[in-house]
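Shown next, in structure tokens, is the structure this report addresses.
Read from first to last, the chains carry the letters A, B, C, D, E and F; within each, the first residue is number 1.
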């Protein structure tokens, strides 16, 4: 699906840092040596692997920050399905500038498309069940806004963006507070009216306790399908049910069949791996 | 191996950004609701998976930036081998502060240890051959210094850090310049005396041309073992030989046996995936 | 009430900018001219006006950033009631350093205490009704995290922190979407499970429509007490009810008596004015 | 009056921070859910309250940073008088972009116009007396350049911008130095030739001492009109005379009539409150 | 003379940038290779050339930012006279850390001491005349606060810090305004009461015009000693007189003898050159 | 020679900082007072001194950051020879904007052209010998990328950019490691294959030891011409030979005649002094 684009003020600082990293204190010394100043090139950005595109705004902005004279023409939008050979965009401009922007652009495009692709795979695995797929806060430091965006491009949804925008009570919190009831009650008293409250449970006794107090969502941690099914029956629609822990593309369908509302997985963001996307020379001048 | 630590000015900005991401505009609202202000905890950082540690300085600095009252005691150093259950460090301090720092610390530790671990696996696959393992510039934007460090922690070595610190002439450069000879000659004329020059070749004819002009290193791109062996023989020690393209832990030994000096792989940094490392509660107060 | 402190990474950048503003390119040239380098002072921070304290962490950090040799001893915590003459803290250290930090510290302390104080006044006006008091996104650019914190110190609660952490459907959105039902349905389909959905209505017909679809909260905009009362009855506990628009300390009690769950006001943050807090010399050396 | 505009490098960082605050890690999720990607709007920025405009450059830059496709057409310039209903500008562009920029733009516009408006009111109160109205360093952290600008838009003038650009000797400095004479002498010896020296006095004896040594300006602190009149007579034009402390729009005329050169007030910047300015929908597409 | 130290918030950003420049993405790879991790060193910072010290706070902070374990012991303070062989400070700590901080520390110390030294030389050239020596805004981008400080360490005084803190009317302004009188009158009307006004004149006719209107200071541009003497006589103490343009250590005494109040020179900051200061090994461990 | 331009992301932060320094919190108050808002000017940038141009991109970007309405037309490119009176570029636009950008632009242009000019002088001194001229890491903090660029504009080459991109073993390292052989061996073992290794020697015995182990380059420190000649003979082309220490334009020819490959000098960057370049009014409007 085509996600709403991230506003430029959220991605520009990431790209400026990435370019500073790759340009060092001298820029691209190889091109400075071997590429004539007035040489121009056209490159196609082409998928070498099947997946889902995410990050074309980053490509365009990386090019613009290096040299406004680079023209980027897109063949498709973020969220589009890619097959080996699919062309995503064409870059055209001064060769030295293109080579200075290339790696930064491709690193980000590959990274985000990798996340979108594994998300799409998990979404496909549960297709037809009505179950949603969500990421977590296990993101790469500095890239959370972009990685959450990539999950959306892959058809997934987002969990909390940060510690500040929703309450998620975990086992440690319960232990510290002395039980599920006091934890939930304190959360309800302390959290604002625009803040949702979720709590993590490991077994059905805990779930019972949660149901007695109430919450917006419950995270059913590391439960086998049979137990998940009983949990869903107990909740009976009174809370959002989220299955988490050890879910793989292989196990997802069975877990989705238990009737939970969503499944979440940290590896969508922390272990997706890059999607192989490269540059092909179209023409030179 | 224990790599020389990165100086703090290189890692502090990464951590500040990561903490700002995760703390949002309100900090950890869950803990603010449910954890008493004076509650203290002790957590152990424990590997759930075998691998190699990298990122303990990041853990320590993340904690220090959130609250100098957190004490971090290390059980081992970056570069150490981990087995499921290996304790890496103990964190002790105010519970709210620990929970505010926890995810940022673990995200980075898992990410870097993941890179160190796959590097170590590739290094192990070629052990005894004298072949070195190197990463590339295909790193996660904003994390290059740390990811290159993690490669060192895994026993690998680093390729260029940026476009600015070495010359690497690729197929596009050769095409633009009109041939291997002019490309190498321009590079030698333009690059400083402290800058090494490497050139990428696809076949042995190109290698022949390179040998006629000379370079510090040659990247043998996507060559099968038989061709690599002939290439090594042709070079006869006059340049560093680097095999690259499609090398996997499975194919590495065979490639190493061809006699190349090093093998490089982008996936060490762009697709390592996280190493599973978690927190265990040790005690509460 | 004593709010959970903001983690230091959230307030340090604000203070660094404020100090750079006030120190210019030469620091405090008056003190450099007239105060001997080794002169030490003790100052008391004293309220000149009744209110509620907020911002003592900022005072302490401003001093620490200018000179770690300044010692700050607090007499009370954020959230404490102040009367004219109440001492909040004592600062002790090199006079030049104290004078360099003073205005930055007091500007922020007065600004945040002003917000905490008007919040506390509004909270007091509705005391006993069970109605909560909330701020909005009408904050001073660059200070939102701190101003939302000050509202908490005054006993209030927070609304959305940003456009990213909750859905609030306003009249413009309804007009664009073509009605309340499609707007709410799209929001429910698009927003994550940890995101609350609120919608603004101007009259009871709109409220009727909202009730037919459902939402987490409804903002009853600029309604007179009689209409608010009817709205509350219609909602009958199925959504959080928020009264907003033109609420003053004088009108608050009457509005609270209508049975709404909370009242919100932008002026808590955008027009509180500073609380008068000054420095008294305690001793010199 | 129309003030000289602040150069963009002074306001851009403020706006980038404000936008990052309001856009969080996901941008405007409400609009992403309910507003079609290609929907366009036209909004009028309209005063709801009488006052003076300040901050239109900020509105324009906030829009440009979010989306260069937004067009801003101004109806008037900063410094213009506003009545309820006065249109300040028209914004036209993609609806999602407009909604992402709206609150940031209005928060700053309202804040600065609030300052310009109270300044203009104080200027009006002393009109015809030739007395100037000045602000102080009691500004909102991070916004000093903009707030001082807003004072100029309201017809006021600026006092010191920072501790670094003028000498202002206060009671503490006098106490530390051991008297008015040594304080002034050290200031004159130490301050550069482009730096003005002002000193604060509480009574006429102190003023006598100041006159014996000389200064560029004297701050007559918290003096009643009668004493101010005698002070002005004593000074007899040899220094700029500034009345400060407890001046209100009501008392300003009487104080201005004493013949002082200027009156200054911290509340112009620290307690002005926002000016109510809103958005009206003009058309949609 | 010992100048008042710059507050740390003014110098820390300069040092962080400088360290990032010199540490690249990998830190000091030489030391990482050849220096054992636990090796400690003691270095003396020693002048190789006569001059005046400036920048010891920078040395100390550079070391602290790299590694708080480095101890810096000063032998003297900024402003002290140096002879070849004078020891300024001793650094002691982990060798790798010392080597990572060394160049950044010495580059800044040499640069600032160079400025202090040429300033002191010019001050010495006019000693006994009562004439002050001042720098200009011709400073190295990014280092103005530090370079102005170095001028103070050399016994000089500062001119304007920026375009914002004083009025200096130059020939272009006069041409645009249509004459000296309107330029001065507009400046007086527009500038705040804490802002000094200086005007540049090329000949005595212009000076006559200035005297008819009045200003705080006059810059006598590129005048020969005879004309300067007549200018001083005309001014007769009514304004500060500043000689500027082509003043060298050789010509300074003659110019000072004309009776001007101060002489200013851009080369104090833009062309001082470094002062040769090096590191001597004291001991190793 | 015309150097490859630095990518904009490397120079923009330098210019933003420089402009913030010079614009303070109020911008150019002189022009705000005396220059009408709609006045336009044309200025020529003209060399007052012979030398080599460097920094025209900085001029253009400084103007663009202050006001995109300024038009910059270049008469020549960086690397061009300048004589007194040579026009480098014409600036045209709103007078207030031009005056706000002028000093920042000229400070950087003069600084970088100064470096290019002394570099060109040293290059000229060794012309015909085939010897290259290189700078060092003795650069002005914050400006290394630009200063190294200026050296290239003057026809010189660059040494290491930072501690991270090449190994340079100095006397301290040798002492710590216990000798030249172990130092070189550790460096070879630890440094990546794209990293060159240079070692500093003081006499021919040390050089002998180096030759026995091998390195990429040798720095012959402070050797007299006779010893340099013998060193070159000993090396016999097996390493790059670099003469360093006390080389002046006067001594350069003699040193170049010894047959070394390059000479390096810190003063190219740390003590070049500015090149005198000024603004001439072309026309006003």
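By our rule, a contact is a pair of C-beta atoms (placed from the backbone, for glycine too) under 8 Å apart; a residue touches a chain by one contact, two chains touch by 3 or more.
All of these numbers come straight from a predicted model, not from anything done at the bench.
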Strictly by the touch rule at the top, which chains does chain A share as contacts with chain D? B, C, E, F
Farthest chain from chain E, going by the mean of C-alpha atoms per chain? A
Using mean CA coordinates as chain centres, what's the gap between chain D and chain F in Å? 43
Could you tell me the distance, in whole angstrom, between the mean C-alpha positions of chain C and chain F? 51
As a quick test, compute the distance in whole Å between the mean CA positions of chain E and chain F. 22
Indicate the residues of chain C shared as contacts by at least two other chains. 21, 23-28, 31-32, 100, 144-145, 158, 161-162, 164-166, 168, 195
Residue numbers of chain F touching chain C in their complex, please. 21, 24-25
Under the definition above, what is the set of chain F residues touching chain D in their complex? 16, 19-20, 23-28, 31-32, 37, 65-67, 96-97, 100
Contacts from chain C onto chain A in the complex sit at residues 132, 134, 157-161, 164-166, 168, 192-196, 198, 216-217, 240, 242, 261-262
Using the touch rule from the top, collect the residues of chain B that touch chain A in their complex. 14-15, 17-18, 21-36, 39, 41, 95, 99-100, 103-104, 107-108, 110-111, 114, 137-145, 161-169, 172-173, 175-177, 182-183, 186-187, 189-191, 195, 266-267, 270-274, 281, 284
Report the residues of chain F in contact with chain A in the complex, numbered from low to high. 2-10, 144-145, 148-149, 158, 161-162, 165
